[in-house]
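Lettered A, B, C, D and E in written order, each chain numbered from 1.
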Amino acid sequence: GGGTGGGGASAGPIKLTDGKLVLAVINDQSAVYAELSGKNAVEAVKMAVEDFKAKYGENVFGGTVDVITADHQNKPDLASSKAQEFYERSNADVIFDVPTSSAALAIAKVANDEKRLYINITAATTDLTGPQCNKYTFHYAYDTYMLAAGTGVWVTQNVGKSWYIIYPNYAFGQDMEKSFRNAITKTGGTIVASDGSPFPNQTGDFSNLLVKAGSLKPQVLGAMQAGGDLVNVVKQYNQFKLKDQNIQLAIGLLFDTDITALGSDAYAGVVYTTPWVWNMDDQARTFADKFLKRTNIRPTFAHAGNYSAAWQYMDAIRRAGTDDPDAVVKQLEGYKFNDFFIRNGYIRPEDHWVQHDALLAQVKPASDVKEKFDYSKVLGTLKAEQVSRPLSETGCQMPK
Amino acid sequence: MSGRYPRIAMVVGSAVVALVLPRVIYSVLALDILLWALFAMSVDLLVGYVGLLSFGHAAFWGGAAYVAALLARDLRLAFPLAALAGVLAAMALAVPVGYLSIRRRGIYFAMVTLAFAQMLFYLVNELRGVTGGENGVQGVPRLLWGVSVTRPGDFYYAALPLVLLGYLAVYRVTRSPFGHVLAAIRDNEARAQALGYPTPRYKLVAFVLSAGIAGLAGSLYAIGHGFASLDLLHWTTSGTVVLMVVLGGTGTLWGSLVGAAIVLFLRDQLSSVTEASDAVTGAILIAIVLGFRRGLWRSLAALPARAVRRLART
Amino acid sequence: MPPFTTRRTIRSPILARTDGFAVETRGVTKEFAGFRAVNGVDLRLEAGRVHALVGPNGAGKTSLFNLLTGFLKPTSGEVLIFGRDATHLRADEIANLGVARSFQITSLFEQLSALEHVLLALQSATDLGLRFWSSEGALRRFVPRGRELLGEVGLEGAADRLASDLPYGQKRALELAIALAREPRLLLLDEPTSGMGLEDVGRTIALIRQVAGGRTVLLVEHNMGVVAEVAQRVVVMQQGRVIADGPYEAVRHDPAVIAAYLGQVDA
Amino acid sequence: MRRGPRRTSMDLGYATLQVFNGLVNGAFYALLSLGLAVIFGMLRVVNFAHGAFYMLGAFAAYLLQLELGIGFWPALVLAPAAVALVGIAVERLLLRRLYGLDPLYGFLLTFGLTLLIQDGMRVRFGLQGQPYATPTELGGSLSLGAIAYPAYRLFVIAFSLAVCVAVWYAIERTRLGMVVRASIERRDLTRAFGISVDRWVTGTFAFGIALAGLAGVLAAPMRNVSPTMGAEPVILTFAVVVIGGMGSIAGAVVAGFAVGVLASLGAIVNPALENILVFALMAVVLLVRPAGLFGSLEAR
Amino acid sequence: MLEVAGLSAWYGQAQALKKVAFRVDDGELITLVGRNGAGKTTTLRCLVGLHREMEGRIVLGGEEISGWSPERRARAGLGFVPDDRGIYATLTVDENLTLPPQVGPTAWPLDRIYATFPVLRERRRASGAKLSGGEQQILSIARALRMGARILLLDEPTEGLAPVLVQQLREMLLDAKREGLTALLVEQNLRFATAVADRHYLLAQGEIVETLDNAAVAVRERELLRHLGV
């Protein structure tokens, strides 16, 4: 892979403020999101550093480049103290990834206090570019608005207009519910009912909501759960045979790992939105092959997003000629670019949302799966503007 | 302790250690150790001195943390006041919880407190309008009458007097006439009752005091880290603090400090050494239960005596 | 339940004075899951005397003890202690009326020293107990009296030993010391000499005699030697009821008592 | 909670189905708390690791399927047996050293064991769910009058009820329960009465663990098979056990089903109630009957 | 029947028994007397295998059993009434009685036990914890009888018993002896001991200091009482 972005002042030798560049990855390495980003996201960032050096010369930064990492176990307190420690003690210049919205919001706050960069990749909350936006935080890859604008709209238009939404009752789920509600009603659909499921769900049981779905008889059951919860919902959706009652399943956020957990037949036909699929085209596949060689798995969009974000961050330093955070922010703001992950990319200066095209994909039945991790078929592209929250709706007051 | 001088030396020594600690280890970790130790002492106050193993002390640590964090953020209270409010909230919560829990003892007490803490966990999660649910209470300022103590290193020193006050409180309670009655109740409750002590009242007071101490630690922890989260209320938090107490040795307040330091230090180090830090923690706990039931502090403290005895024999 | 008047039937001439009772029970009954361990007992203990409670095993002596001291709640009936209705009081409240007891099975604080036991008992008469803010130095004023008490029961040398390390006989002596520390007006002792060697039995007899001065004492004993030596009055129970009541010599020859409890000869 | 306009018309069928859902959840509570009660009642050990063994049961079924192609029905026997073997090792190597000590040590040891097992499985298998299919024989739905309900779930209810009754009979009506209770209460003395304590105790522990494993196998086709699947249920089970009365076999079963149904009915009003209701119920029981519905305070 | 030689026992550093030796022949009833702490209980615990810090020979019916596990010794015919009664609090009276296996032909059937000890029959469904002190003592003795042991080891069985029961116990032991019972009895109550036993071993500070027969006890009663007391 590599950046194909053009423009930007390509200054001479780069001056690092403290003689070295430290890229930090804070994410979940031991709990529910460990598979979809985790240690392999760290590998992705390391790959980006190596590739960047290969392209621009080993000594491009005139100093060492370190990649450091910490496990936040999805705990916002741990995330924030790790971030604090990284910025302060390890002189980290930037933090990447941070799945789990609460942890991401906590780190955004630290970044702002410490005046260092934070580029979010795996957290979905729109608050990062909304009320809690700040000068040093960027939101890459995807957010709940994108998912709703894709899946919510398409399913309402093509599958059914009446929805029953079930969502895990916490920040992420509520944000998803709100985004989907907006998207669906705007498209002319109706929401018959929407229920929050307890989070965490102690028993892994969702049968009450599915039974309720059976009696509400909506055309679409919108499941906003993620990870293990989602797997349970889908398992039980199939057990209660809701499909036979013509209640179609729509899923808010789907990762390949969720499909692996049940096999793709359990999901067959489900349409979902994703920023990226590893075999969407040659450029993506080239990266995916390289990644497979290194990690033995195909990259999720979180892995690819980490690579891409790290690359773009380093490129901004290269253009700025310094790693001074304010200078780097200036380089990033308003930047237009393309790479193997981001298509039609544009970093909005107003809220730091990195807008780009997304994909509409559909899970294939097991019989169509040709190689490992080849679960989905791309149905089409969603235009960047279409899946980006209008600036008027963000509520972000970006401090200058 | 034998004489007066060793005790004074110990107090002075620990004060010096407390003052220079942030120069030796990362100040956030240093404060964490002191606060978890205080938390562990509050649990030890019950386990070691009343014989009640609370497996739900996260409720008081976390409950107070939420109250303190919300007050500091929304009313912009200076942190000592916010912490005081946290303490009071924890004690208020401890009254009904304690009233119900002390009806059982031994393992039942552990399970009942555990369940109550989980109930609070879900309750706080559901009251997300106030508590922020999974997001927790974020962006808590560290205010000290107008001054904002932004740097963690500064906050360490700002909080130190309160922490030491907490230690002193625990020390005093265990070595008060009240503490003696607690020890008696631990050994033989019926007998204590026959001596005219209304034991339920004593147990309840001890429970509430312990909750207050845990609340102090929790409040300062939340303010120090700038927020309160659900994790502070989760049963694993209760488990961790019990682990610290048992590791250090029940009924020895110093043990709590040793236990807290070891667990936090290990956690800090392990996360970069091994993938399975929980498994290591679990293995340590198993080893302690099987091999060092008296706790590290007592085992260590007994070493010199044992060495002397061995020398004497040869 | 029989009407109030019939319950005042006076069994023993000694009990003619109704105002001097340390303990009075009226039709006290205790049922355990349908089994009546104590069955309508009217007991009157005259202030200042030593009473023995004897009876076959399972007669309900310990249960009655527990009813008097608040460790059990009667199914029906009333308990009056020093004229106060104590039926619904908790164990600690009854203790604070001036009642001290020992237990049939030794019951001490394993990890406290002998002296600490006595201090704890002395302290219980004050309001120091709940003072979690004051220093333990406040207890120092009890030490002289504490040592004195230990001396009285022959434990002066064992003041600093842990209760769990004491031999059986000394444990029982310590129990006695704690009971005495509370300066009780009513002293209840459940088998104080059981498991003791002859020497300790002798000492205990002397001690009970000594402390009995001015106090009401009720002791349960199977050792008739002890009963004969110390008790001024003997109450005999069988199957939850009182079957005899009077001075030792009188009770000893009561045929019902012989059949139910004493057996043919000495023992 | 937002409510759809069509709610009223569906209430009755919905409520009935919720009762069934409650029974399914109750079946799991009952099996888990039954195992806990057997172990506690006889060994005086509160097995914190019960949830971990439940998880191991599900994984055993999954691995049997994956590695040996062994399906659900044989797994129903084999997986609990495999878990029981682990239980035997745990009892022989660890728990055995704690008998006669304060039961809190057993609690702490099994807490440590939970961390060890759970984290060990995570390192080996990761946290993502593992697939396990519903047995084809039970893939369909049964219609019960006007409503239909998945056959597999009905099977879970019936099967666990049968197991509970059998266990109750074995413990209350045969020599087994008595011998093991005696062995735990006075381990050495019981040996001096000619009873091979070790074998009985190990057997009982393994049996209680096998019940957890069995619950795990039953859960595999319905719930996410992952290393943390047992972490939360075990806490709920504690509440159930307190409600039923610790160590009471009948209490565990009755409270298990009752709590399941009650929580599900609560969920009709508000899904969030499901979690809180159980603990609130526990508080009420403690207030009015501290020993639990079927417990006795004497055996504390 | 039972022969003990060179039996020493320790509690940590402290030696509780010093080369104790004695024998109990078939059909004999022997007592071990001595003041508190002499080592009587320790001796019995060594015999049944509950005290492990020991050395010495224990021979039961010609077989050396000191290496055996407690359960094996019990099945070989040792019946034990411990000094703390050893009642199972969580088992009912019935269960307490039927718990140990019946190991010999002289095992008492339940009916006989309940006929002999009517107190127990009344409480047969009550749990052990709820029995009075004396009832527990009786239950403990009854349990040993029910096992049908070849030799009974009784540790202070009269402790806490009402006089009438002490007499009953005496009659019962005498009856059983006529039926061929062999027993080793630990007693502080000399009267009781002389009434039922054939021979007495006097234990002091872990050593057997004297062997006495009933006649000798009668003659030296005062001296012995002093010895036991002081």
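Convention: a contact is a pair of C-beta atoms (placed from the backbone, for glycine too) under 8 Å apart; a residue touches a chain by one contact, two chains touch by 3 or more.
In this text, all values refer to a predicted model and were calculated from it rather than measured experimentally.
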Set of chains whose contacts include both subunit D and subunit A: B
Result of counting contacting C-beta pairs for C-E and B-D, higher pair: B-D
CA centroid of subunit D to CA centroid of subunit E, Å: 45
Between subunit A and subunit E, centroid-to-centroid distance (C-alpha), Å: 78
Multi-partner residues of subunit E (each touching 2 or more other chains): 130
Where subunit C touches two or more other chains, by residue: none
Multi-chain contact sites of subunit A, meaning residues that touch two or more partners: 30, 169, 198
Chain-chain contacts as defined at top: A-B, A-D, B-C, B-D, C-E, D-E
Touch list for subunit D against partner subunit A, complex: 1-4, 6-7, 10, 13-14, 17-18, 21, 24-25, 28, 119, 122, 126-131, 134, 141, 148, 150, 152-153, 219, 221-224, 226, 228-229, 232-233, 235-236, 264, 267-268, 271-272, 274-275
Subunit C - residues contacting subunit E, complex: 32, 35, 54-59, 61-63, 104-105, 167-169, 191, 194-200, 202, 222, 224, 259-267
Subunit D-facing residues of subunit A, complex: 30-32, 34-35, 164, 169, 191-198, 200-205, 207-209, 211-212, 214-216, 227-229, 231-232, 235-236, 239-241, 257-258, 260-263, 266
Touch list for subunit D against partner subunit E, complex: 178-179, 181-182, 185-186, 188-197, 298-299
Partner subunit B, residues of subunit C touching it in the complex: 69, 71, 90-93, 95-96, 100-101, 103, 107-112, 116, 119-121, 123-125, 128-136, 138-139, 178, 182
